[in-house]
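Two complexes are shown next, each including chain A; its partner changes from chain B in the first to chain C in the second.
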Partner chain A sequence: MPANQALRVLIAEDGAADRLLLAQIVRRQGHEVCTAEDGAQAVQLFMQQRPQIVLLDALMPVMDGFEAARQIKALAGEALVPIIFLTSLNEEQGLVRCLEAGGDDFMAKPYSPVILAAKIRAMDRLRRLQATVLEQRDQITRHHHHLLNEQRVAKAVFDKVAHSGCLNAPNIRYLQSPYALFNGDLLLAAYAPNGDMHLLLGDFTGHGLPAAVGAMPLAEVFYGMTAKGYGLVETLREMNAKLKRILPVDMFCCALLLNLSFQRGTVEVWSGGMPDGYRLSAAGEVLGVLASRHLPLGILPPERFDDSTCVLPLAEGERLLLLSDGVVDSGDAQERLFGEQRLHQVLAANREPAQLFDELMQALARFGGQARDDISLCDVRMLGPDGAAAQAVVYSDSGRSSPLDWSLDFELRGDSLRRFNPVPYLVQLLQEIHGLRPSSGLLHSVLSELYANALEHGVLGLDSSLKRDAQGFSEYYRQRAERLAAEVGGVVRIGLRVEPHATGGRLMIEVRDSGNGFDVASVLARSPQAQGFCGRGLNLVQRLAHSAEWLDGGRLARVAVQW
Partner chain B sequence: MDVHIDHKVLCDLREIMEDGYLQLLDTFLEDSERRLSQLHQAKDAAELGMAAHSFKGSSSNMGAVGLAGLCQELEDRVRQLPLYGIEDLINRIDLEYREVQQFYGSERERISAG
Partner chain C sequence: MAVESVFSQEGKKLTIKIKGRFDFGKHQEFRDAYERQHPVLDSVVVDLKEATYLDSSALGMLLLLRDHVGGDDSDIRLVHASDDVRKVLAISNFDKLFDIS
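So, the complex of A and B:
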């Protein structure tokens, strides 16, 4: 330590001889000295000279040392300007007054140069310590501001990406703490070309920027693949593979992914590591639970990733409530958790769906849980078949190069049937035809339906009458997964033929499978209501296409779309 | 052992003050005249106590141990009213100061003579 770091020392002492002596002692120790004869002068000099240490006589005329000490301390603000009282006060009360007025030490007369030097050194150490603390505090504050600013910018960038989706759709209500992103929470929603809605609630491990960085690539995959018409399974596989590739080992993303098909009245669900979601009636009764059945995204390598989803019927007006673990894991002062039971009580008590979030937040507040900044809630309502407004798509090319006279035959066998979904590719190919672009959602729906029929009923031989109720639904999808997991023997052939007409054109779609076919006449004879979920979606295809027929005992579907 | 002056203190002062020693002696003597008149003119116990306190401080710094002791006695005494017999104590301070004044006067002469 620099023992004799020169300091500026203010001495206030009314006795001329004492002042002279003290100034000389301090000066001989290498410091710079300024002197005052009373407290008022001392305060004045302090303002002018900003000394680092002040020696104050307690009893002085005009303004005594106690008052001068108070004023000097106030002027010094946060910086520590040590004040040593010079006093021969020896009764306790006097010494206490010195300290209470802001004195840091005292020094009795007669002065001892050795003790004074030691005191000045000690006070200088304190002064430096305080300065260091202040400097570090300011540095932390600056860093904190910097961090907040970075978060603001990152959030603004991210919001542009995240809100390119359809979170503002009329059937979605959501609530997210403003900086939930930096706690790893992620909520995304987008329309698929066929009018289905994909929705993702994710929760990355960790906090702060590390928890937020994974959100960007995940959102990109989600939006990109949804827009291209990929289903949940392909999207999930891609998200998992991407996160597995880019995230460190200890980072992953719990996620709940939904596909709401308004046309079919179903919801497809995949949940890995998220708290239970709830299927609610229009009035808010809990109809069922969307439980996690998988490991979070980003843990398993692609070959071991389980992409099996579960499909449930969801009637118009029924709702799904998704929440992040910030809700049930909110703890009160005694570290008890809010828990699922309290959540269920709130759900049961809810009368007005629009009030549910408020009621939930109030319940959390009543519970005494600290306001957590990682709460995400999402309430999505099923719409009728026409619920999803057609999504306007913006194209960048003129359309003059539209190919209008071609055909294509496409055959899928074995492993390709198990893993590959040809629909997005075919829809993209058909996008090249300008006149078909406004119908891309329709094309997606029709192709998906026809392909699903050919694969599930034709090749896999699944019985659509199973899908009578919720239980049958899960049985149907269980069998589907089971049969896909085994060797797949059949073939699905897809033929597209495009021909120009005078004002537009016509697309013929043929989908043929190697299965046993079905009794076309009897299925078509049933009313759409009676067909329900087990009508092989035939009425859906009939409704969307200009003409649709089933030939060869139901093994060949032929559909025409005109423009 | 001198009951009036602590010579060790004086010796230290001389070393500390270097060329300023004479000035210190002069200043102390001037200062002390002022303190003494304050003692005599004090209108109440508080003023008397304050003057005694200051005088005690400077005397102790200058090694005038006898004077400092008497000032201490006065400072203690004024806390107990009534101030009966206080003049006697002030007179003793006057007498003690004469001793000190004389001593420092000769000390001054000695230093000036070099």
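So, the complex of A and C:
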């Protein structure tokens, strides 16, 4: 902007000669001038013409310059309207009064055109600086409102997606700071068709929208695959591959995934980069930690991703406490961290599980003094075998095209046994039969059990009696992973036969393996209690299906489901 | 300077020293430390002796560095990490990607 840009200048001076002289000087400098004879007129003219710079005589009749300056400044509001006092006052006190009344500068009589021009230019610079600052401030405010609104909308959309799951299940308690999503925190839970519950607590790197965008695809994969009956391992592989593909190199997602099997009384865990989770007794005593054993999701390419999970027994009433790093990493004014020690103290002092989150938040507030916006807490309790009823999936078609007379046989060998889980596909296929749709959970459980038995005990030759106690349990899963990592010989054959009956139909499932079989009579003769973890599979299948028998020395399972 | 880079005489080994908090605030400086250097780097040492704190965006920056110098074929050592810093690296299992000592 040129320095000599024309301005509107108001001149208030009671002396007619001085007023004319000043007006002439200022006009010659290229500005537009309006004149007043006293302070009251000056204020009036200011309101009408909004001049950009005001020259005020200090001593005038009706209203003096000091009062006029105060009123003009008040009218100008936030905008800077520079006021230059014209004065013959020489004593310090008079000059100080000019500035205190809101004057920005003063000019002594007699007037020097050169100095006056310089002062007007200087005041104009200040005026424009102030205008720029105000404009930028307003712009920032607008952007901020815009951003908040976008976050609000994005959060509303996201909440619809995220809460399509079962976070409101009776065995889950959770707490998330309102905008935790925009700090990258994510909490998801859903039932699998067999009644298992899958739960994910995730934490993306970074803050704001970049941290939140990855949450959508992750939630989609989680819900989609859980509903279709995929296990943690398949879901993890898919989530990692997807995030690796879409996220920039420096972004990833720390995550802790759980599969709670109420039927089996176990929990399967995978943690990459999350702070320790805690296994608590019903009374709140710490029984163990769920430690991070993996790199976060979205860092490793699919071929190097480690999907090994660990399986722990979890008795009815026992709980798992999961937390985001906002808890232990909360800092106080001296940058000390809240830390695990203080967390353990809160856990130890807790008497009433329902109060735990409140106690934790209070401890954080006492420690740091200010609430953080990235805190996620989740407390999930193990239920008994009948604790959670899977939600029936609603289908939109009539089911008239249901195929009712068909059979299918297939055989899985070698590498396919190591990597592929056929159960979700088979359950999907069986969903084509209308009469079986309400039983998708049952079918998933039965097929999962039969396939797991055929693979683990038949093909891999694992000894189920290992699973007597917690230690044996982890040994069992260690051996399972080890044997799956090596070359797998042997086969599993699955046969499905569907036949229509007068008022429904019947599905026969046969699962045969190439292993050594087992002593059917003695395993089935044991009571469910005596079977413990090791015999639950057979017991469960017998309970769910209409008939179940084991033939050929335990190598062939034949199960019937009717509708 | 909060991020300092030093070259070995052959110019193929880069040492990056981090001072103070290693978080998003150091993003530009950290990238400048390796991106403006010679195209061929045999190895990189990140000296965390004076790093007081390390957050997840610092982990992201380390991944960027790793990607820049060859990904899986890179030779990056993180040295002199304090217990606190080491703990953050351990939770994220970054020892599977970097040589930490």
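In this text, the second predicted complex is superposed on the first by the 558 of 563 C-alpha atoms of A that agree within 3 Å, B and C clash if a C-alpha of one lies under 4 Å from a C-alpha of the other, contacts with A are read in each partner's own complex, and residues count from 1 in each chain.
In this text, a contact is a pair of C-beta atoms (placed from the backbone, for glycine too) under 8 Å apart; a residue touches a chain by one contact, two chains touch by 3 or more.
Fair warning: this is a prediction, and the values are worked out from it, not measured in the lab.
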| item | value |
| --- | --- |
| Contacts of A:Asp250 with chain B and chain C, given as first, second, both or neither | second |
| Touching partner for A:Arg293 - first (chain B), second (chain C), both, neither | second |
| Partner chain in contact with A:Gly472 - chain B first, chain C second, else both or neither | neither |
| First (chain B), second (chain C), both or neither touched by A:Gly317 | neither |
| Chain C residues touching chain A - in the complex, by the definition given at the top | 24, 52-53, 55-57, 59-61, 63-64, 67, 72, 84, 91-94, 96-97 |
| Residues of chain A touching chain C in the complex | 203, 205-206, 249-252, 254, 272-275, 292-296, 299, 304, 325, 329, 335, 337 |
| Parts of chain B lying in touch with chain A, wherever the complex brings them together | 9, 12-13, 16-18, 20, 23-24, 27-28, 30-31, 50, 53-54, 56-58, 60-63 |
| Residues of chain A that touch chain B when the two form their complex | 14-18, 20-21, 24-25, 28, 57, 59, 87-89, 109-111, 113 |
